[in-house]
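Next up, some structures in structure tokens.
In the two complexes below, chain A is the common chain; its partner is chain B in one and chain C in the other.
And now, the complex of A and B:
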């Protein structure tokens, strides 16, 4: 039984995952889980069981139950999500292996005995204590970041921005008079910048925040806004390769998704919207497609 | 000769036993901090003592709103022990910059994810005040 949208699907048995087709080109899948909704101790033990020994050790090293749970759910979400795509009938989440690229970005280490090419599946995760998310694409790099809308920060928005953001972004934030709106715009900008850096896969120091600007572009012909990135170091041909979506999830979080534009669409059509499908899940228990519901509000993209 | 000795005896100063020199750090904290900072500015390029750096780093972290001060130890890892995320870590680095008066470059800040690493980095940086 394949997962379509507008459905809530309960797992057939306590260890099964409802399979799903890989996202198409220009399509992104986003899966998220809310730690507060996962309380069953035996379920959590089941999750611990599908992790690799190293991952288990990392989880247990975290200090505090909430931290451990969120770390556990992050690894569980990655493994169960990728396993759903049944690459070459590989549906056991426990059997997945991971490695890091030369810059330290995690990727799947596909274990195929024959000479078949590894599937072009890409993923990226982000977690806060209250929400864990995993984005999946095919044929394009992806970076995601989620933050609580109302998270507190120690410094003022502008002092933080002056230290880490670009001139254009500082001006943008400084021009907002309402402090509450300014704070929300700051959080949105942070998630977009994090998502871009994670998509690039070079780490925080590989693309320092001050060296690129993320801004909202008004397209006067179609009157649609687009999120674009300008970089001082990279030429325009490279930065125009990236596209962004910004969502409000579950009324509580901002989620930014940055993906590589597919070669064909970058040349030809200008604003080919990416299709985004979002599921809320409790792995092995229930999956709920929430696209088009109140749980997912598209801000841009 | 006798005259010389008589003169020397006359000139001899009476010796008093002097109390041992007080360790400046044991005197009132505020005063010794000012004393220390004054010298640091004078002799630019001098390094701070590691134990002082450790105290001040611990203090910055304990004062960070999201951190439970009772969980903070000299070995604390920001993510694993204190539950800080990437935005928090960036803010803590900013707080270190404010405390020690120098800018920490992004490629170095990336690596500072525990109290030990923060102390090592700052103590080895001559611009730290």
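And now, the complex of A and C:
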């Protein structure tokens, strides 16, 4: 049984994952779990069991039960999500292997023979203690970041921005008079910047936050139509390779998704929007497609 | 580390030093005589649970009777079980069957001051709003304490403000533990 959207699907058995087709060329899949909805101890043990020994060790090293749970769910979400796509009939989440690229970005270490090309699946995860998300694309680098909308910060928005953000972004935030709105815009900007850096895969120092600006491009009727990135270091041809989506998830979190545009659409043509499909899941238990519902509100993209 | 002179007995003294942010304690004990260095490793086990519990260990002065030594006043790196810092001490003197004559000299490897580590711990505790009973020490990693990327940059900001330094992105990325942060701070303070 294939998983389509507009469905709430319960797993066949306690250890099965409903299979799904890979996202299409211009499509992004986003899967998320809310740790507060996963309480069953034996289910959590089942999750622990699909992790590698190393991952288990990392989970157990987290200091505090809540942190251990979200760390466990993060690895579980990655493994079960990728396993759903049944690449080369590989359906066991436990058998997946991972490695890091040269800059430390995690990727799948496909266990195929040398002469077969690795599948073009890309993923990226982000987690807060209250939400864990995994984005999947085909043929395109991806970076995602989720943050609680009302997350507290210890410094003021502007002192934080002055330290880390670009001049244009500081001006943008400084021009917002309502402090609550300013804080929300700050969080949105943070997630977008994080998603970009994670998509680039070069690590925090590979694209220092001050060296690029994320801004909302306005269309002819002064509505924000597009999120773009300008970089001091990279020429425009390269920065126009990236596109962004910004969502509000479950009324509680902002999620930013940054993906590579494909060669065909990057030649200065009108921006072809990517299709985004979002599922809320409890792996091995239930999957719920939430695109088009109140759980997913598109802010931009 | 000093090579024993001829006609001397070498006493290898293991010194386990650790600090919590209230006090620095030195727990030392002597190991009787002539075993080669590698056998000293067996001391790690009986104390591993102590070290793990991060409890305060009283200053213990063990001495083969006439041996006395003064407390280490130099700052030393906090320890963890898997990464014990040992100061090997040896002393030489006239030997007699039942007495060892002291002439202690020793060197201890130093790193960031405990006060620096403590300040970092304070900043981390505040940033992450940790409960009082959550142990934080030099070898705690930010990740395991639950710091995400936003927390980490705020911690870096906090450290810059507290110490009046400026941290490059590259350096910030390489900090994974409290100790790393303290060491970097001291390095930057030296350059000022």
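Everything below uses one rule, namely that the second predicted complex is superposed on the first by the 293 of 301 C-alpha atoms of A that agree within 3 Å, B and C clash if a C-alpha of one lies under 4 Å from a C-alpha of the other, contacts with A are read in each partner's own complex, and residues count from 1 in each chain.
Just so we're on the same page, a residue touches a chain if its C-beta (ideal position, glycine included) is under 8 Å from a C-beta of that chain, and two chains touch if they have at least 3 such contacts.
Not measured: the values here are computed from a predicted model.
*Asks:* Quick check on the superposition: with chain A as the shared anchor, is it clash or fit for chain B versus chain C?
*Replies:* clash
*Asks:* Applying the document's definition of touch, where does A:154 land relative to chain B and chain C: first, second, both, or neither?
*Replies:* In the superposition, A:154 touches chain B and chain C alike.
*Asks:* Looking at the overlay, does A:208 come into contact with chain B only (first), chain C only (second), both, or neither?
*Replies:* So A:208 meets both chain B and chain C here.
*Asks:* Check whether A:67 is in contact with chain B, with chain C, with both or with neither, and answer first, second, both or neither.
*Replies:* In the superposed model, A:67 contacts both chain B and chain C.
*Asks:* Which partner does A:39 contact after superposing on A: first (chain B), second (chain C), both, neither?
*Replies:* A:39 contacts neither chain B nor chain C.
*Asks:* Quick one: classify A:164 as touching chain B (first), chain C (second), both or neither.
*Replies:* The answer is both, since A:164 touches chain B and chain C.
*Asks:* Chain A residues touched by both chain B and chain C?
*Replies:* 61-64, 66-67, 128-129, 147, 151, 153-155, 160, 163-164, 190, 194, 203-205, 208
*Asks:* Under the definition above, what is the set of chain A residues touching chain C in their complex?
*Replies:* Those residues of chain A that touch chain C are 61-64, 66-67, 127-129, 147, 151, 153-155, 159-160, 163-164, 190, 194, 203-205, 208.
*Asks:* Spell out the part of chain A that touches chain B in their complex, as residue ranges.
*Replies:* Those in contact with chain B are residues 61-64, 66-67, 128-129, 147, 151-155, 160, 163-164, 190, 194, 203-205, 208-210.
*Asks:* Which residues of chain C touch chain A in their complex?
*Replies:* Going by the criterion above, the answer is residues 126-127, 134-135, 140, 144-146, 148-150, 153-154, 157-158, 160, 168-170, 172-173.
*Asks:* Which residues of chain B touch chain A once you look at their complex with the stated criterion?
*Replies:* For this pair, the touching residues of chain B are 64-66, 71, 80-83, 85-87, 90-91, 94-95, 97, 106-110.
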